[in-house]
Structure formats: C-alpha cells, structure tokens
Amino acid sequence: MSATTQLPNDLKAQRDAFHEELKAMSITPLWLNLATAAQNEPKVDAVPHIWRWRDIKPMMLRGGDLISPQEAERRVLMLINPSFEAKSARTVGMIFGGIQFLMPGEIADSHRHSPNAQRFIIEGEGSYTAVEGERTIMKKGDFVTTPAWRWHDHGNESDQPMAWLDGLDLPFANLLDANFFEDYVEGDGQMQPIYRQEGDSIHRWGRGMRPAWQEPIEPRQSPVLNYRWTDCRDNLHALREEEGSPFDGIIMAYVNPLNGGPTLPTISAYLQLLRKGEHTRSHRHTSSTIYHVAEGGGGTLVGDTEYLWEEGDTFVIPSWVEHEHWSDGGEAVLFSYTDRPILNAFGFYREAAGDRRA
Amino acid sequence: MSATTQLPNDLKAQRDAFHEELKAMSITPLWLNLATAAQNEPKVDAVPHIWRWRDIKPMMLRGGDLISPQEAERRVLMLINPSFEAKSARTVGMIFGGIQFLMPGEIADSHRHSPNAQRFIIEGEGSYTAVEGERTIMKKGDFVTTPAWRWHDHGNESDQPMAWLDGLDLPFANLLDANFFEDYVEGDGQMQPIYRQEGDSIHRWGRGMRPAWQEPIEPRQSPVLNYRWTDCRDNLHALREEEGSPFDGIIMAYVNPLNGGPTLPTISAYLQLLRKGEHTRSHRHTSSTIYHVAEGGGGTLVGDTEYLWEEGDTFVIPSWVEHEHWSDGGEAVLFSYTDRPILNAFGFYREAAGDRRA
Amino acid sequence: MSATTQLPNDLKAQRDAFHEELKAMSITPLWLNLATAAQNEPKVDAVPHIWRWRDIKPMMLRGGDLISPQEAERRVLMLINPSFEAKSARTVGMIFGGIQFLMPGEIADSHRHSPNAQRFIIEGEGSYTAVEGERTIMKKGDFVTTPAWRWHDHGNESDQPMAWLDGLDLPFANLLDANFFEDYVEGDGQMQPIYRQEGDSIHRWGRGMRPAWQEPIEPRQSPVLNYRWTDCRDNLHALREEEGSPFDGIIMAYVNPLNGGPTLPTISAYLQLLRKGEHTRSHRHTSSTIYHVAEGGGGTLVGDTEYLWEEGDTFVIPSWVEHEHWSDGGEAVLFSYTDRPILNAFGFYREAAGDRRA
Amino acid sequence: MSATTQLPNDLKAQRDAFHEELKAMSITPLWLNLATAAQNEPKVDAVPHIWRWRDIKPMMLRGGDLISPQEAERRVLMLINPSFEAKSARTVGMIFGGIQFLMPGEIADSHRHSPNAQRFIIEGEGSYTAVEGERTIMKKGDFVTTPAWRWHDHGNESDQPMAWLDGLDLPFANLLDANFFEDYVEGDGQMQPIYRQEGDSIHRWGRGMRPAWQEPIEPRQSPVLNYRWTDCRDNLHALREEEGSPFDGIIMAYVNPLNGGPTLPTISAYLQLLRKGEHTRSHRHTSSTIYHVAEGGGGTLVGDTEYLWEEGDTFVIPSWVEHEHWSDGGEAVLFSYTDRPILNAFGFYREAAGDRRA
C-alpha cells in the first residue's frame, strides 16, 4: 500500500469533490477505506473483559425480585463486550454469553429459535431443562445443549436460586439475518410434554451406541442433552499425566457423537485442567473465546493485561490476541467455548505460537 | 413474549436504577433487548438498492484521471449498502460488490488476502488476471476466481478501459476478525512470475479430468481460473427448453470441479436466463444476493419496490425479502452471487415461496 | 434375455468351435455366462448355517490340549460357510467369524494385520486384550475392537478358559489382494509395552469428549478399545419401551465416536433385544450377517428353515435371504455384525420387507 | 508364525482326528490355514495377461456372424483372467473387461443392472449409447459412462462394425451378492425414449456449471455421459511439459463433476501419455488395473515378464505386482481403470516404489 504524499491543491480539491459525489451514490472508493479492507492483520474491535461472579451474583438476586421470567421471556443478564452495542448481542466474536437464573418455583416458558444454545451450570441444583420430550435435572458443572429450533423450557423445582451461563451463536444468526423465534403455544404454553425418561438421550446416542431404526433430527447438532460434570471431570483427570497442549494444558472438547465434531454446528465447547503450578505457553488464533472458571483460581495474560480469576468468573479473549494461562495455589478447571467451527468451515482459522514463553 | 403493562412508579424506578447499574458493568438485561434477540422473523438492516451502469461508468472514467492503481492499491468503487457504513464493506449480507477498473497500460500490483474474491467482466477486453502462475485474458461476461490467499495481479494490455464487478466475502472476513493482507514483494513487486500457459487450469482441472499426481491447493476453492462467458452462456441455452426453477428460470450455479460445490467456500455464483415473456414466481430466503445484468433488460419486484434494470446495472436483495423477476422486450441474462454457502454450512438457510403469483 | 431355441446342427457346431477357440484365448462369451452376469436377483452361494456352542465348547477344550497358541499363531476355530473352501475364510458375505480361546496362563503373541478385527466375549473373565499401549480386562458380553494394522495381543491371567467370537473382514481383504501381516519382534516378541492405564481409550474418546491436542490415528477406526457389556445392555434396556425396528426389535449399533459411523470401516456391529413374546416382521437385504446369542433363547426363520438357538450359538444369514426372529420363553439378546458398510459405500445396499407377517 | 517341528506320532494322530471332526462341523482350525489368513504380503491369484487386438478382432467379426445381440443380451467377449473361472467375471481384481461389438444396423436392447459400467471406444464411429433419455454418438477414444441401475441401450447406425472395451465392477457386485438385473419392457422393449438433446449431460453437469433447480440422481455416479476423446487428449497434451508422475508420466483421472472423485463409485479411470523415450520408474500397489492401448506402442515390465503392446491391445496388472512402462518409437497413450476406490474407501490401499530404477 502506498503512502499518501502531498498533493497539489487542485488535485486534492477534485478528489474531494469526486468522493463527495460518490458518497451520495452509496459508493465508497476503496482507497479511502484501505485501513479496514486491506489490513495486514485483523483489526479487532472487541476487547478482552472479565465479569466477576462476586459482582454478578448480587445483581442476579436483585433481578429476581424485580422481574419475572414471564415478563422477561428469559431472565438473562447479557454480557456485552464493552466495544459493542447491546443489540449486537456480541460478548466476543460470533458468540454470546449471558447469566440466566431461576428462582425457586419459577418456570422459563417453552420456546424455540434458530440460534443454537448451550448452558454451563454455575450454581444450584435441581432445576431442569427440557428438550425434545426429555428433562434433565441440572447440577453445577453440567453442560446442557439446546440446539437450533428445538423446543426447550426450564424450571426450578428446588428451594434455591439456580444460575447458568448461556452460550449462543446469537450474534452470528443476527449478522446473517437468519434469527427466527417461536413461542410454544400448545397446552398451557409453558411446558412441552415429557415423553422420554431422564437420561434417554445419553443412553440413546451418547454411550457408544445408537438406535439402528432411528435417524437423528440433524446430525450437526449433538443429540446428547446433558454432558454430566462428574463424567467430564473424570475424563480430564484420566489424562492428567499427559503433557497435553502446550497452550492449554489438559483440554478436551465436548463432542457430538453423530459426527465426532463440535456439539453445536457453530460453537466448540471445551473443559480444561490447569494443573498445580502449570503455566501455559502463549499463542493467538482467529477464533474468539468465552471462558468460565469452573473450579479453582488462576490468571490469564491477554495482550498486556493480566486477569486474575476465581470460581464463577467469566472472561473473554478476542480474535488474534496473544494469551497464556496459569493456575494459582492449586488446580483450576476452565470451561470455554469458541466460534472456531465457523472459521474452520471456510479456511479462516489461523493460529500462531507466541514468543513470550518457550 | 409478554406485553409490558403499567408498572407501579416505585417498581419502575427500581428497575431503572437496576438497569443503569448493569449498564455500567457491560451487562444488558435480555428483557430490554428482546426486539433483536427474540424476533419472530429476521430484522434485516440492509435495504434493496440498485446502482446503474450509466451512473457508474462516468465516475469510473473520472476516477481513472484522478488516482492511479498504485495509489489506490486497487481502483475499486465499493458499492456500500445505504444502511451500512463504508468500513463494513457490506454491499448486502456477508458479501461485497465493487466496480474495479483499469485504464490502458495500467497494472494492479500483485497481492493476496484471506478474503475470497471473484470477478465478473462488465466491459472491455484484453486485460489479464494472473493467479498461481497462470494468466487469463479476460472478456466481457467471463467469471474469474481469485480464492483466498492466492497471489493475484491484473494488467490492462489493451487500448480501452476495462471494468469488472469484484465479488468478495470481505464483510464476513472482517466480522470474523480474520482479514489478513500481504503485498507481493518479490521481483518488481508488481507481477508474479508466469510459469503456466494460458488455459492451464481449465485443462488441468476443469474439463472432466484431473492430474493424478497432483493434489489441489485447497479443495474448497475452485482451481479453475476463468469460466468463459461463451461456454457458460452455451450451457444456459442448452437447457432453455426446460421448465427450470419457478423462482429463477434457467439458473445454473458455477461449480468447483474438486467437490461439486460453490466456486468459493463462502460464495455461490449463478448465471440465469429469463426467457422472453418469462415472469418468475416470488419467493424469499435467508441468503442475500448481488445481481448484475449481463444481457438484456427487465425488472425485479423486491418487497414493494420495483427495480427496472438494463445491461451493466447491479442491484441487491437482502435476506428474507420477497422478490420476483421478469425479462422485458426479449431475453435477459443475470449474473448473481450469494452468501448461501455460509448459511447452508450451519443450517441457517430457509426458503419460502411467496404468495404473489402462482 | 432370450431363450435358446433349437439351432441347426451346422450353426451349433460352428458356435461350439468358436467358443472352444475363445476359451483357449482366456475369453468367455457373455452369452454362455448370462446366468451369473445378468441375473434378476443375486445368486447367493453362501448358505444359512448354525454352529452350536454345546458342540464347539468341547472341541475348544480338546484343542487346548492339542496345540499351543504359539504353534497356532492364534488358537481359532474358523467357522467356514459350508458352501466355501477354508482358504476363503468366508463365514458369510465378506466377513469371518471364529472362536478363539485361551487357556489359563496362555498368551497370544502380539501381531498386526491389514484386516480389521473385533471380539465379542462368549465365556470367561480375566483375559486381557492389549492395543496401542492399553490393556482391557475382558468380561462376558464385552465388545472389543482391534482395528487394522494395530498391534494387539491377548493373555489369560485368570484360572479359567476364556473364549470369544472373533469378527474380521478377512475374506474381503483376501479378495481385494490386500492382506498384510506382521509379527511383533520387539522385546520378548510376545507383548507390546503398556503405557496407558486401563480405561484410557474410553475416557479419551468414548465419554462425550476428545482431547483437543491429539488427532486420532485413523478416523474410520473406533479408538474405543472396549464397549462394556454392562453399559451396552443398559442402553438397550433404556429404550425397551420403544417400538423399535419392525424387523429387529430394539436394535442398537455400536458407534465409532470419531464419525458416528460403524466401529470398523467395513463392519457394523449391533446388539439387539427381543422382548418376551416378540416376533419380528420378515425382511431381506444385501448385507450378510453373523449372529451370536448373548442371552436367552429363541428362533429365526431363514428362508424356509427354522433355526432354534440358545446362548452361545452362532448362526449366519446370507445376502438377500428373507428372515424373521423371535424370542422364546423370555427375553433374548443377539449380538450381530454385518458387511453393510461395504455395500453402503457404493450404493449396493438394498432392503425389502418380506410378506410373511404384517 | 512358528515352524511345525516333528511331532510324536501319538500327538499327530490325535490332531489329525481332531481336525477331521472339526471339518465335519464346517470348522477349520486357523493353524491349518495360516498361509492364506496370516500372510506377510498378499497372495495374489490373478496373473498378468495380455489380449491382443490382432487376435480379438477376427473373433469379433466371426462372432458377429454366429450370434445376434438379441440372442446374446450383449455381444461381449469377456476377458477372463487365466487364473479364474468364467463365472467369476474377473479380468483382474474386482473389475471386469470385455470387448463388446455391434455390427451395422444392430441394436443392443435397453436394460439396467446394479453393477456400474463404462465404455472406451476401440474402433468405429457412429454407434450410440443412450442413458437417461440422452443419446451420444460414440467415436474412437470416447469414454462413456453407464452407472448402476440406469437404463441403457446401444445401436449401430453406421455402416461399419463398432467395438468398445466394457469396464464393469461385475466381479465385485457378484462377490457382494448384490447383482440385480432388469430388462426394459416399455414400448418395443429395445430402446428407451430420447427426451434430451445430444450433449445435454455435458452442458448440464460437465462444463463448470450445474442446474440450480435439479438434484443429481446419485452423486457418486458421474452424470456426464461422454468424455470426448478430443477433449481428453487435449487435456493430456496441455500438461505435457510437466514432469508428471514418476510411475506413470502424464496421467489424468476422469472426474465426476459432482464430487471431484472417480466417475463410478467403484472404478477410477485414467488416460496417460508416455512421451517419446519415456520409461517410468517401477512401483506396485494394492489396486488392480486393466490397461488398453489407445495410441502408439510400447512395453510394460510386470514382475519379471515383459509385455510389448500396440494400439488396441488390452492387458492387466494384478495387485502388488511391480511394474514399469515405456513408449516405443514415439508417443503412446494408455487408457486404464482400477478398483482403487474400493481399496481407498476402507484404508486397504498401499503403494510402494520399486527398486528397479531410480
């Protein structure tokens, strides 16, 4: 790209007039827009950010007093990247994160939408999510899928507030102009009928077998309703003697058993163990990540900023920002999810090791 | 979704205070954002628009006097949707369209970028595009591919201006924070070395065979450099006695011979014949389209607005807007391209027949 | 096809001479071979057959006295279809079944081969199979994979004889002229080194997650070493209230978690529950099946022959032979495997419902 | 594998008796069958062989006098590997080759079958093949596809005999017990109705585009009816300055435009140019090949046997036999086809460079 040198006044004036006329025609010359169109490296608008559980939790409880799930459709605190407007629904990259909570006795009515969704349980025990006729009682650390266009509802049948991290590809669906939504209107309009026993989907699809007489609804969506914390944590620990990833330690992806790929077509989710004293090597990549601290404490260096985190915190790392993680005072487990399947699908994923640590 | 009814002053005040505090935490309650997050149908910001060749061409010639390709990197008039800012590079949906032109003797220096690109030749004959060591001399109606991260340069060795419609997934690469760019710096920094004869890629990959000893660079990118107008127009006419698509007449997709899919991973391109007197049935879908009139004249009803078009014009139809086409006074051929592969990849593509015509 | 009518003697003689001369040239006229080349339906050479456990078991014990695993390479009783020669290794279709047994203290030395293999445990408990550095202690009903070209060895560390049904695509590898074999010669030449803990493969690949830093060796091979009987039986029973397949009852396929397909590239394996009083509808298909009775008793009508079976029996149904199953006196569980992936891969699979039962 | 040492008479007698009893049970001990079950390298029964056109052509003309296409179903001289019986239909590996010929005015009635078929034209001009409502007039060197279960008929409307090499996966369909056949009985029972113009399939699917409103019948089958000799030969010559394959010179695969793969699901076909003086390096692989000399002369060393060939000859190379080619006195073009897609589909393909030439 050429630097703009001093122009004769005359030429400059002509160009200005020309550009003005073009603007009126909804035309922009590329040469006025090279900074965003022909950039050596991505110019990333999103910024790193951390939302602390000790700040969110009181707001959540207050929100429980101030608005009902029926008024709110879902009682969700949307975590919006400081660089973006709320209507973008962008937490980072093409993904959204929000804190949803249900007070004892509350119901979040059944609906469905074209964006794909998942939940990671932060606190509480005894609420259910129902999808496709099956209910699962959720516990801390469980990972629950509610893929695109599946009816789903939640209810808190316990005596304690329950909170989870919602993950959706809502920003992507919005940017694609493909966001559809439908309220459930059968019966009482709140709950779908339950015609499968608890655990059905894991027996049917998730334990090494599949029914030979039945085709799955959509192979790109995991049919497993709940990836149980106890099972997943066991998997991590079974591999704890391995070297693992230099950038992430013992990190495992949740898998769609129908194709071995990510649990949602657009979102990969991970669980990762940072062992006592582990400090990973830095790297960067063109996927964007939302992290949630499932266990323990530690820190992450993102660009030049150090974020120290503890259980319940949620933080984001945008595309192409170098980062490294460490545990602090023991072991830590991070849950995370990324928009990497979107980048992978078209060859836009790039990754580079950082130079801060060997 | 529940309607908001009259609230007691007290509760309203508490809620307002609550929302204000959340805002300071980069948190937005979903219930304040339902209009964009939980919408029955896509809320599409882009608008339909037409850019007329009779308006653009004089500006193109004037631009030729005012700025050189070297100053401009590429001399492109970016067609920006009236709803969007220039830096978005969004013509419609996830795709970009721009008019690039080269005056006699000019060169557009070699570079490469992670966005995928294609060209449809509007006017002139005798310029070349070079990709991966092969040059093709371009003619009106030719469809030329320059996929992601391939070095490419253009030169006008004729005695007339030459113009083409650039098509890129630039908005998508930008939104994904995955836009990389590199200038060619070998040799004179302008032209890549040519080590293949003209027509190489079509013989090598595009005429029903492939070399058994060579793997393609990237199977998602068409290795065919130039889909010749004369061949493609022949294909259309060979099927002219068919009924074709009720919504589009005789419409054919350009195909990547490596996988039978679209020519670029993110963009499908089409050529379509509207026969004398043909008026298609209306429909709508979640892909966004850029149309360019390759031959003849006619009209398109987009939503409630009628666009009459003639050869050289370019117009856009956003996602989920109903539309129908007709030829006027003879036959017409439309070139078009869409972001449909992006929607298809994740299950976001929807289509519905319209109710305006049987 | 035309019937051959009475020919003039002269023409017949000329034809005979002509055919004789062709034969000497390694040429056969199609018209002398229409019965096998242009047949309305498959002419299947294989026949249905049953091998009864009460007959095999004494032979197995006798074999244990007469030959050592080291002399035999593997102490396997090959079940050869009565229509075929032993060297074909064809039990039915493209698959092989054999009874392998190890006496207390015996070892079957490590080797590898290009045919894919699996084991279904018939009797005993306490032997191991080792594959890729992991050992699994096998129990009755377990389903163990040893895919192509993986080193594997077995050892009986218990105080009882142990028997399993070997399943391989050996006939297919032989017919393809692609059968390679290699003996393990490192160390003592008997046992591969064990560097993974028991259960590693199930935690690593088989419980809904996969390590993000590791690529599987070959995605077409299941990396799960042992599909445990107790888990698999649970899966079946969890779906027992469903209607299931009209032809097979509650039938589930063992699944490769890397792609959702069969556990071996060439062989699909199934476990199937016939409930008390269940009698399936008849059908036929172009895949060939080896059945093994895992639990209970019942019968199968194959063509016109009724086979009554009990636990431990093994029987085969060739391609395109109509068949139906029933349980007798309670519930029954059948393990089975087929060459269907081979037929599916090229479009050769056909299935037709029978007319014997609604 | 252990060598069998001298056994005590007693043990030997017991073993013999044991083996005899097993035999009566349709059981063979693996230890008596290790030579075919556990072999270090494939034991290939098929042998290399050449059929010379100068021998076949007179037989073809004589056959034209002795039997009609209607009597013969198809007048085909089946080239049967000297190691196999005629009913196997095995020319080599899983593929069949036969010489089909039509005398002036003759018709080969319409039929269809589950085996996939292709034709390479040896001699003559002016016969047609009809598939799916389209006729193509065939010329020397054309490559014509008639995939599985498509109605097809041939007719010779010229005044000269016409001959082509039929290629089918008939042995594979037979071995899979999946060979179905059906005679056409509509109309006169001879010819299917023609409702597409000549060249339709190449315009519709084969020239870089596809109709957007139409799904292909079966993506694994090439929809292109005729790969023209003149086009294909041009492709080869366009790449003649390349180094090409060390083992095969300038070798190109015919391609299915729907998926970039082979033209039939089971058979890859190739055209290969051996330039003047070219002598390839030797190699071997687990696919089996039928070669046909399309132009010129030369030789092939197969194992230890040298085959000198000239235009019109057909020869075979079985799996895992080392071979190398050379042209003699000018350039040569070989057409060939292999069963490699079958081996590739399951991981059975292996290849090794030979040691005879650097």
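Read from first to last, the chains carry the letters A, B, C and D; within each, the first residue is number 1.
We take it that contacts are C-beta pairs under 8 Å (C-beta built on N, C-alpha and C of every residue); 3 or more make two chains touch, one makes a residue touch a chain.
Everything numeric in this text was worked out from a predicted model, so none of it was measured.
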Note, CA centroid farthest from chain C's centroid sits on chain B
Distance in whole angstrom between the CA centres of chain B and chain D is 43
When centres are defined as mean Cα positions, the distance from chain A to chain B in whole Å is 29
Chain A to chain D, mean C-alpha position gap in Å, rounds to 52
Within chain A, the set of residues that touch 2 or more other chains is none
Among line, ring, star, complete and other, the chain touch graph is ring
In contact, pair by pair, are chains A-B, A-C, B-D, C-D
Chain D residues touching chain B in their complex are 197, 199-200, 203-204, 206-213, 219, 224, 227, 231-232, 234-235, 238-239, 242, 244-245, 248, 250-260, 270-271
In the complex, chain C touches chain D at residues 1-2, 4, 11, 14-15, 18, 21-22, 25-46, 49, 51, 55-56, 59, 62-63, 66-67, 70-82, 86-87, 89, 93-94, 98, 111, 113-114, 148, 169-170, 173-183, 218, 220, 265-266, 286, 288, 318-320, 339, 341-343, 345-350
